[in-house]
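Below are two complexes that have chain A in common, paired first with chain B and then with chain C.
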Partner chain A sequence: MKRFLTSLGLLPLAGFLAGAVDRFPRPDFESGYQYPEYSYAVPNEMLWDIIDVSVLLILLGIVTWALFKKRTKGPILAVSIVSVGYFGFFRGGCVCSIGSIQNVALAFADPSYSLPIAVFLFFIIPIVFAFLFGRVFCAGVCPFGALQDLVNVKNYRLSRAVTGALSIIPWIYLAFALLYALTRTRFIICKFDPFIGIFRMGGDIGVIGFGILLLLMSVFTGRPFCRFLCPYGAILGLFSRVSVFKAEITPKKCISCDLCHDSCPVDAIKAPYGNKTGETPVEGVKRIVVYMAVLPVLMLAGALIMRWSSPDLARANSEVRLYEMVTAYEAAMDAEMEPEVEAFYSQGRNLGELEASKDAVLRSFRLYSTLAGILIGLVIGLKLLEMSLKRGRKEYEIDYASCVGCAKCFDYCPQNKALAKASVQNPETDR
Partner chain B sequence: MNKKIYRNVAAVTAIFAITLSIMLATNYFQVRKATPLQTEVAETLKELNDMNSENPQLQEQIRQLDLLSRKAYFIGENHLKTGIYLLLAMIGVLIAALRLYFNDVKNIPDKDLDPFDDWLLKSKSRGYILWGSGAVAATALVLAFLSSPYYTSFKQKKDKAASEEMVAEAVVPEEELSTEDEYALAGITREEDTSAAADTTATEATEAKEGEAAAADSTAEAGPAEPEIPKVTHNGFRGNNSNGQSSARNIPTSWNLSAGTNIAWKTSIPKPGYNSPAISGRNVFVSGADAEARELYCYDIFTGEMKWKLAASGIPGSPSTMPAVNADTGLSASSVATNGQQVCAIFATGDIICADMDGNKLWAKNLGVPDNHYGFASSLLIYGSEVIVQYDNDSNGRIIALNLSNGNQRWMKERTEKATWSSPTIAYVDRKAQLIVMGNPNITAYDPNNGDLIWKVDCMSGEVGASPAASNGKIFGANEYAALVAINGTDGALLWQSNEYLPEVSSPVASRDWVYVATSYGVLASFNAETGELVAEQDLGCQFYSSPMIVDGKLFIFSIEGTLYMFSNNGQLTLLGSIPTGENTYATPAFTDGRMVVRSQNSLYCVSSL
Partner chain C sequence: MSEEKNNGGNLIDGSPIKRRDFFRKIGTALAGASIAAVGVGGATKVKGNRKSDLYWQIDHEKCIQCGRCETSCVMPVSAVRCMHANKVCGYCDLCGGYYRTNAKELNTAAENMLCPTGAISRKFVEEPYFEYTIDEALCNGCGKCVKGCSSFGNGSLFLQVRQELCLNCNECNIAKVCPSGAISRVSYEEAYKFKDHA
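Up next is the complex of A and B:
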């Protein structure tokens, strides 16, 4: 059973391998050479599941300790190196908390799908930690974030107006990832994972190229994947916003030196602001009321657009695509037979059955596309509302939804340095 | 000093990485687009080999080319991988150099990109979100509209109108290929050259037999190799969906039945029948009947051995005395149908039986003795999980869909047409299946899922024996003393009709551009599928009852006298070759990759060069 569950988790990889094997028809040998049977070694996944979850817990513990107790980035840097080495290059980026969203969603929607326990733990543990301590998982335990942090040289700040708008992309990505997972079409987070090819030193070259591009961007700006793409980061951000314990830049009084603000690679530290908008309070309230009224309209519009687009979105599904290929072939049999069509006939399948299967997929797409559209409309509406709220700040504050807990601000803060110096002189003052 | 070094190392590696990235991207798209095994040269050589499979030099050339193509592809792919690793290493060096370079300047605060006005930034963000979301939504709506059925249907109509206009306005001269050129290209000997080539063929056959014997010896040493089960199916009369087309490839075009050249096996069928064979996997199905018994047979496609037979006996309602049938029809004129899991056969008694692939009877029933003055002859058709029977008789005519697993009736539609010997076909119109049935006086389209009427066109008359054909959304029907008609499958509109050449028994077949009709007096004619214009005709001085099949880019048809004619499928009816067998042939042959199974009046045989 365990092996079966693990196999399900590795389906995308298996699909890739299958595709690679079938790139060419096999050569015909006249010498009587017999092709050996394919055999795949069944890994001892139970043991590795335990090790993976243990390493995850240990690294999360170290980061939490470094953030809340030690208040320094040194251990987090060490965790980043271990995470990239172990979860990244050694374990090949799988199991991954980001991709686990899809497994969990599918398990909720489809009772016949058995969720591997390790995948569930990788999904839930970082969320529990985020609810308790903020995004400690992102700090250095996630190999994707860690890799981007390790290659980061210098932060060139992007326009905050643009990054604010771009922050809705992870939610849209999440909506599509859930749609394709729930319809059993494919796990797009895994398929288009930009770093997995780098970790495994192989894979789709286009996706690897995208990963390299992201890494190059990471050299000059902090964590572009985490900020503008990662759907799991968006979920963790929600929990981090309301976390029980919140990290502070310094336990001492802020002297408004701006160094922490400048050091943050993800622009999660907000500078003091007088809240002078030049807009009357009534106008501000009116805008909020309008956006609140528009929110259901946005959700409805999202639902309708996605529902109308569902036949096109469904074309990514293998059954729908196969149906199109077979019917196109049936309509003009002069054409070259695609391998998929050949396989269809050789399996003894018939078009009536395929059409029924395709119709079921389309129905499923209609439902989940509508729900995905509602989610997208909701996210856009809420973002607009959030951007309409005015709030002044007297000192530098952390935006806990965006903060990835990298601890760079700790090292930049002169108050922390003073604290550390005092702690060396008098260990009693060490917090 | 060190800073300068770091800066220069970073600059050099950056230039190197960018150059390498461009090269890799170019290489990537080249490798991705490459179809190394489908080059023009390779395809031409393979076509030549298909035409004449006894040229070892040509085959060796193809093998060498195949090997070179594979090597070239994988070398290119390996270069790409090596390049990626090199690029990663360069990026690592670049990052290290940059980190060192910026090591002592990173504490200097940046100047804010935005003037710090939180509210202004939020206002801008709102604008970006609104405009961005609006643009994405508009794009999604446009794309959804472009792929909607309304727009697709509108565009198809518009394209069709434009194409008709072009046909009307412009006369495009076709570049004609002389018959001799075609022969030379195909490497095929014409009928009149057969005698001259006979000696060569005989020598080649002897050599081939010697070669086979040697191969057999070596095989015996190495142990028998299991042949690959054919993938392409031929599920019933005139192939899958009964439309006269097959996706089989590498059909031998040079063989000799009496000499046994390229004949894998030949066997006799216990009981007579005019029905055509069906192929699924390694099974070949035919049926036969006489006054004593009605039987379904399964043969092995590799050896020709009978795997099993199943008698249609003990069926409630089955008549004890055989209905009167014409000798030209017999008791088993209807072809069997299979889907690779079940196989069904029907006889002139109205008995229908269904078996699994091991010959176990799944169910059997009698549909009522057909009131048919020549004898029931419509072939079965399997669609999805149902078997469809066109039961047009002089009384109680109907079309029935039976559940394949238990024989229960799924749906039934009464038909007022007179007795018909035509068989149903499945056509795909706008990607939807239509069940097309010909009768007197209508050609009718039903929804095969529930039997709902889609359209009906009154255009046939006489005793309808031929079956309909379909291609590219058009339905074609023809019958002697009526007309050859083309119907728009979308709405049942009559597109054109012609009375020049009409079939009696043989069914028409259609490719995208051409419709072919074989008459019982030996003329094969081709018509333009768009306009109905007669394009070419060939009077072959024989008779056709067997239906033409479009396979492997050619048109195959057997005459009653037993000669297989092969024509080019380009509307011009260029005769590519003819092979006399000396055995009368009424049935339509069945095709799978590399094999053709023929039922003659006396035997069942398999043509194969594999």
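Up next is the complex of A and C:
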């Protein structure tokens, strides 16, 4: 719509603007001079799409096999290195599954947007795998997760309350990413991607600094970006929670040695827990009902707050900003002309048309920020609910929403070692 | 397996476990259904052929040579470079894209050159014509020469995203700061917008 309007406005002035003005006659060469040809190249995008998707499928397959059949982290480490090398440094980290959320959402909301096939496959394939096998994509296929895992040395634990609070951030990030993508303002996941600058060795210095900070943090605690920022990981976690097949720490009986618990980089292994509150089931149900009643209140509050702040949020949109610049310029004519304002006039656009398009942007901001507010309220409510639910556990269990399938716990479980010895009869494979 | 884990805390005769299993099955079914829905829905939106919008490119008719192409590309040296439409060029001796406007003497001393990287070279063709050539390896896409040529000459210089250098970002960083909205996705056929082809 926006582009349509600008190109319409351009027509009357096209001749004036269009650069190619024959101020000087083109020369008549007498010496038989030949015009040089343009030299340019267009890479084969199709071929790259096919290679990228094939690599994605192969790596996902290897991780799944390592997790369910081989039960060891060796191949996953190899996959991590390949992924960081190929998807990260070689392909520049783009397009990634995390960013693809925005394209897919936009394609559903705006029929004029055409979704590139590779982007769609990068969105859906890891989700299908998560639905079947858990977050095998995160294990080592995602270059961002793999990079954090490769530098990880030590795992200092954060308290349950802090982890719980921080794990809401990915959902809030998702809500804002959808808001800005659906209003065609910016793909904020792409703009604030902390690792892409490292892969490309260039880009915005602030974002690269943040990426380096995250990498330093992941030396001491596993995958801070995955746990506390990544919106795609949050989505994968939903599917992984109810996945068809689930990785188990050991096929044998847990002997509660606590070794696996220490080995998990994302704190996804929950220790046995006896419910000591002495709450009867009826009291428990009552408490949950009260929390459930709070849920709509939180959603309403989120919706109202976000709707109220939508005009401010909309100022990130280029049409809204342009409108502000042009009106400010027209109010003070002698002010210096911003390039945006210069382009506005030279393209022959007028204020009425700009105002209409600004109002359209504001309207869609009002709608989508209300929806984003509802989502944020819902997520906060559900998180509170989840954290207050007490349920007993007799053994060490995996929290499948958080488990990234790195297979580190397998190698720590003494039961697995006994298993490897017994089945292979070869002490060398016993690690 | 779950039957074994069935005695913790406040559970009464196994029913919460069954309930949990039941909820999990519903969750799995819901998840499967939503994947199917998004899969089918997304597949209808997909366009993967060469006619769809694949490449970022500059519409030189909109570009106002603001200089942001040089600084806003995610690449250390911008993927945007200057191209020269020789068939539009006037082959002038006094080139608005070659010399600075305030050049004291018209010779090739560095202080007279408009291009900050010395990417433009010129060759005498025949009286009074000179051929100008951009060394794209040196060009950083600043657009100074383009501005000079569009203001004083035929406008034969223009900026383009070099597709072999461009990473084809999911969202072009320059497109989002371009004051004239000149950068958009184009199809394979329009991967370059040349000046003398239109």
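For this structure, a couple of remarks:
In this section, the second predicted complex is superposed on the first by the 375 of 431 C-alpha atoms of A that agree within 3 Å, B and C clash if a C-alpha of one lies under 4 Å from a C-alpha of the other, contacts with A are read in each partner's own complex, and residues count from 1 in each chain.
Rule of thumb we're sticking to: contacts are C-beta pairs under 8 Å (C-beta built on N, C-alpha and C of every residue); 3 or more make two chains touch, one makes a residue touch a chain.
Computed from a predicted model, the values in this text were never measured in an experiment.
Judged by the touch definition given at the top, the superposed model places A:Lys270 against chain B, while chain C stays out of reach. Applying the stated contact rule after C-alpha superposition, one finds that A:Lys394 touches chain C and leaves chain B untouched.
Once the two complexes are overlaid on the shared chain, A:Val242 sits against chain C while remaining clear of chain B. Using the contact criterion defined above for the overlaid structures, shared-chain residue A:Ile127 touches chain C, although it does not reach chain B. In the superposition on chain A, A:Glu342 contacts both chain B and chain C. A simple residue count on chain A separates chain B from chain C, and the partner touching more is C. By the touch criterion defined above, A:Met201 reaches both chain B and chain C. In the superposition on chain A, A:Tyr412 contacts chain B only, with no contact to chain C.
Residues 24-25, 27, 201-202, 273, 275, 279, 342, 346, 390 of chain A contact both chain B in one complex and chain C in the other.
For chain B in complex with chain A, the residues that touch the partner chain are 21, 24-25, 28, 32, 37, 66-67, 70, 73, 80-81, 84-85, 87-88, 91, 94-95, 98-99, 102, 106-107, 109-110, 112-114, 116, 118-126, 128-130, 132-133, 137, 140-141, 143-144, 147-148, 218-219, 222, 225, 231-233, 240-241, 243, 245-247, 280-281, 339-341, 382-386, 426, 428, 431, 433, 448-449, 471-473, 511-512, 550, 553, 569. Looking at the complex, you find that chain C touches chain A at residues 1, 5, 7-12, 16, 24, 27-28, 30-32, 35, 38-39, 41-43, 45-48, 50, 52-55, 60-62, 64, 66, 68, 74-76, 83, 85-92, 125-126, 129, 131, 133, 150, 152-156, 158, 160, 162-164, 167-171, 173, 176, 179-181, 184, 188, 191-192, 194-196.
The touching residues of chain A, counted against chain B in their complex, run 24-25, 27, 32, 34, 151, 153-162, 164-165, 168, 198, 201-202, 205-206, 208-209, 212, 215-216, 219, 258-259, 262, 270-271, 273, 275-277, 279, 301, 305-306, 308-309, 311-312, 323-324, 327-334, 337, 341-342, 345-346, 348, 350-353, 355-356, 380, 383-384, 387-388, 390, 412. Across the interface of their complex, chain C is touched by residues 2-3, 6, 10, 14, 17-27, 29-31, 33, 35-36, 38, 40-43, 45-46, 49, 92, 94-96, 99-100, 102-104, 107-108, 111, 113-120, 123-124, 127-128, 131, 186-187, 190-191, 196-197, 200-203, 238-239, 241-244, 248, 272-275, 279-281, 284, 318, 338-340, 342-343, 346-347, 390-395, 397 of chain A.
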